[in-house]
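Common to both upcoming complexes is subunit A, partnered first by subunit B, then by subunit C.
Now for the complex of A and B:
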């Protein structure tokens, strides 16, 4: 059980951000496998492929071309086979109302992107381990709401 | 004459596992390849039977004694937090040590080593989860929740809730309510 690999999917159109996330995940204590997609259209195509192992948690950038994070979130919550994926939204800045709105629309986690790498690593480690608790301890996913 | 087969590993795996779970009467859900979710009530004897039955097919259950002990610690904490009466003041550490027959130091180290989270942290998470459940399912005031979960005051409860979730209990309640309104409208 505990030895399992945690599957992480990251959707971000910014190559630097994708690299930063990958580096951060490499340094955290949990065993993770990170896949990335470059925008919302790619993301939905990926999630609708039949042969993939669905990620335990999806990190979703709000601002992406072609299809943005909020559109993806709504689509994901409408699709039956994706309902159980934890969705962590991240963005550079947002008002309390905007954050609450993403939760209402089905996000589990809202991350305000930190400015330094150490902080990012700490936040990602925290989010992934809390998600793992929900995953392994039979907690009610509907109540998984976390704002960082 | 030779016969040639092609086979779908994923399908074979699901059918074999499904048959064995059904035989033992254990409800299950496939999460991903190599991963099955079962109800928290499953006992060790059932796990052993399942593991033996699946061994024949070359399927091994990844489960060690240590993991079983971790599960027992978690179950004991959940039992404590979800008891209907007020959480007693008796210290959780002595409760766990007595119930599981190991020193608290041993349990605590093992827990941190295997779950990347401390027992203390796990208890807080469970208490907050219990609070969320009470907030969303029962007509109950925050003061009542604070009292039931043994917080010294509603302010202390709200502060810990905010610390763990990033939201106030009021904001959490509002979000869940709005979500329910949306799903009703669908």
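Now for the complex of A and C:
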């Protein structure tokens, strides 16, 4: 039973976004376990705990207090036990600089937070159903930004 | 050129004067000789006449004696002895005179000796006859004999005197001939030399007056240039100075004093005196840099402050240049400029630059707010609206549904505005990295981005070949997107949309508004459609930010798209213009420099 669950972790400082994120997953008919942390410092503390099972997919907001998403991404890709986690950037902005930076730093996909709940559901469902092994090997700048 | 000429002229004049001096000395010599000759000649004539006269005199004395003798002989009266004695004295005196006159002529002396003998003989004869018969009359025979003798001797005396006169005349003649020959060429030579001298002097006069004229001209030019330098110094607020490093002697132009707030030449210039005017904090510039022994640099520049006599602080810039004169002495020449105005305005400019940078930073942070912080609540509003509509719209009343859909469209429009504003500000400030790009490729990218809408509208887009240009690729792509989007949006509902994109070269020479500098070549890219078009009078307003020709409920839009286009084209040093015909279509012309 436990093995079938897809572990999902969201790091976002915005309470409403965390709520919408959870709601969306509840409506998706997939066995997922969603955890959330409130900022970058909390995220790194969580990931470095011994007893937890590492998430399959990490959704990472960029704009967070204390430690922002960009710093977390760099740290995750540096650490041996974390570097294989699939990281989906989950941000309001889609500035060319942010996209370029996160791509270079090794994020797997870039999601611009949609302004429609149905669309959000759709995107999250898509992300979860991606075969990450395959996706990562063929990653390039063109399919980095997720648009449906 | 002129200077060279003057030098040549002065050399020429010197030569002329030396030559003239020699000529004059020569003429003087010749004239002196001539005069001496003339004097000698006239003396000779006088001498000759004196001799002649004296001889005549002598002969007449002899005759006087003769007459006295005759009378005595005939009458035997001793009264007649008295004239005879008188004549004898005179004859002696006359002889003494003649001997003096004939001192330098041997032949004449000899003649004189013979004459003396003859006269002595005659006088002896006469004396004899007196002693013979004093108081008694001679008989006829005695008288005849006395007379006969007398006649013979007298004849000899006459002949002797005549030959002497002739000899004297001959002397005179010979000497006259000699002088005549000697002085024959003198007047001619003198005349020729005189003419030569006159010519030389006239020529010299001509040259000198010419030179004087030139000098006057040059003087005038010099005066004008001096005046204009003075004028320039005043207007340009600068002054000139010369500084002899060995002696420390300084020379200032008048304006130097005025720059210091003093009367021209009101003090003796010196480094020490100048330092008194320099701001105390800036004096080290001079004490370190101006030790005459250590100045080696060809040019030196200094910035410092001056406190003028009236207490005003001014900013000065000095530029000096080191020169060596012909004797190897080092001279520094230079100018001092009052750069207060420039300095203050550059400070003001820096200040304004700082303000501008500050406001740019604020603008950038505003962009960030617009892109992130404003979008975030808006996105949430939209997301929650979408959730409510999905889950709860069944419970709404009709009017509630209507209000809700209006809320939704208003929020959508607000989002569009924010997105477009962001695009506009990005076109404004994004780093301008120019790359050689194929415009055909950028157009294809633009079409790919709009593929869905092109398909929806069933539009036909034709394009001719576009050039490769040095551009900011993403901006030109945005330009194509905005223009095509514009054509898609403002189309006529019942007409198939056609968009034509073409390109040609032009130099904008005959363009009424845009004027290219130095005949630069431009690519004119035209994007035209068969849509709604517009009244030509609105053509320029189209590119103004937020300007709209249509109400938003008819044609959704923000009035930013074309403003972005204009910005992009300006970023590329190009121009954009629009032409429209209502109900027929519109064309947008982009001019990009080659």
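What we mean here is this: the second predicted complex is superposed on the first by the 125 of 148 C-alpha atoms of A that agree within 3 Å, B and C clash if a C-alpha of one lies under 4 Å from a C-alpha of the other, contacts with A are read in each partner's own complex, and residues count from 1 in each chain.
Everything below uses one rule, namely that a residue touches a chain if its C-beta (ideal position, glycine included) is under 8 Å from a C-beta of that chain, and two chains touch if they have at least 3 such contacts.
As the structure is a prediction and not an experimental result, all values here were calculated from the model.
Of the two partner chains placed by superposition, only subunit C is touched by A:114; subunit B is not.
Of the two partner chains, subunit B is the only one touched by A:143; subunit C is not.
Contacts of A:30 after superposition on the shared chain: subunit B is touched, whereas subunit C is not. Using the contact criterion defined above for the overlaid structures, shared-chain residue A:103 touches subunit B, although it does not reach subunit C.
For subunit A, the partner that touches more of its residues is B, with subunit B and subunit C as the two candidates. In the superposed pair of complexes, A:49 makes contact with neither subunit B nor subunit C. Touching of subunit A by both subunit B and subunit C, each in its own complex, is seen for no residue at all.
Against subunit A, in their complex, subunit C makes its touches with residues 371-372, 375-376, 378-380, 382-384, 386-387, 390, 415, 474. Within the complex formed with subunit C, the subunit A residues making contact are 14, 16-17, 20, 23, 63, 92-93, 95-96, 113-118, 120. Of all residues in subunit A, only 1-4, 7, 29-30, 53-54, 100, 103-106, 110, 129-130, 132-133, 137-140, 142-143, 145-148 touch subunit B in the complex they form. Considering their complex, residues 32-33, 35, 39-40, 62-63, 67, 70, 74, 78, 114-117, 122, 125, 129, 132-133, 136, 165-167, 171-172, 174-176, 178-179, 182 of subunit B touch subunit A.
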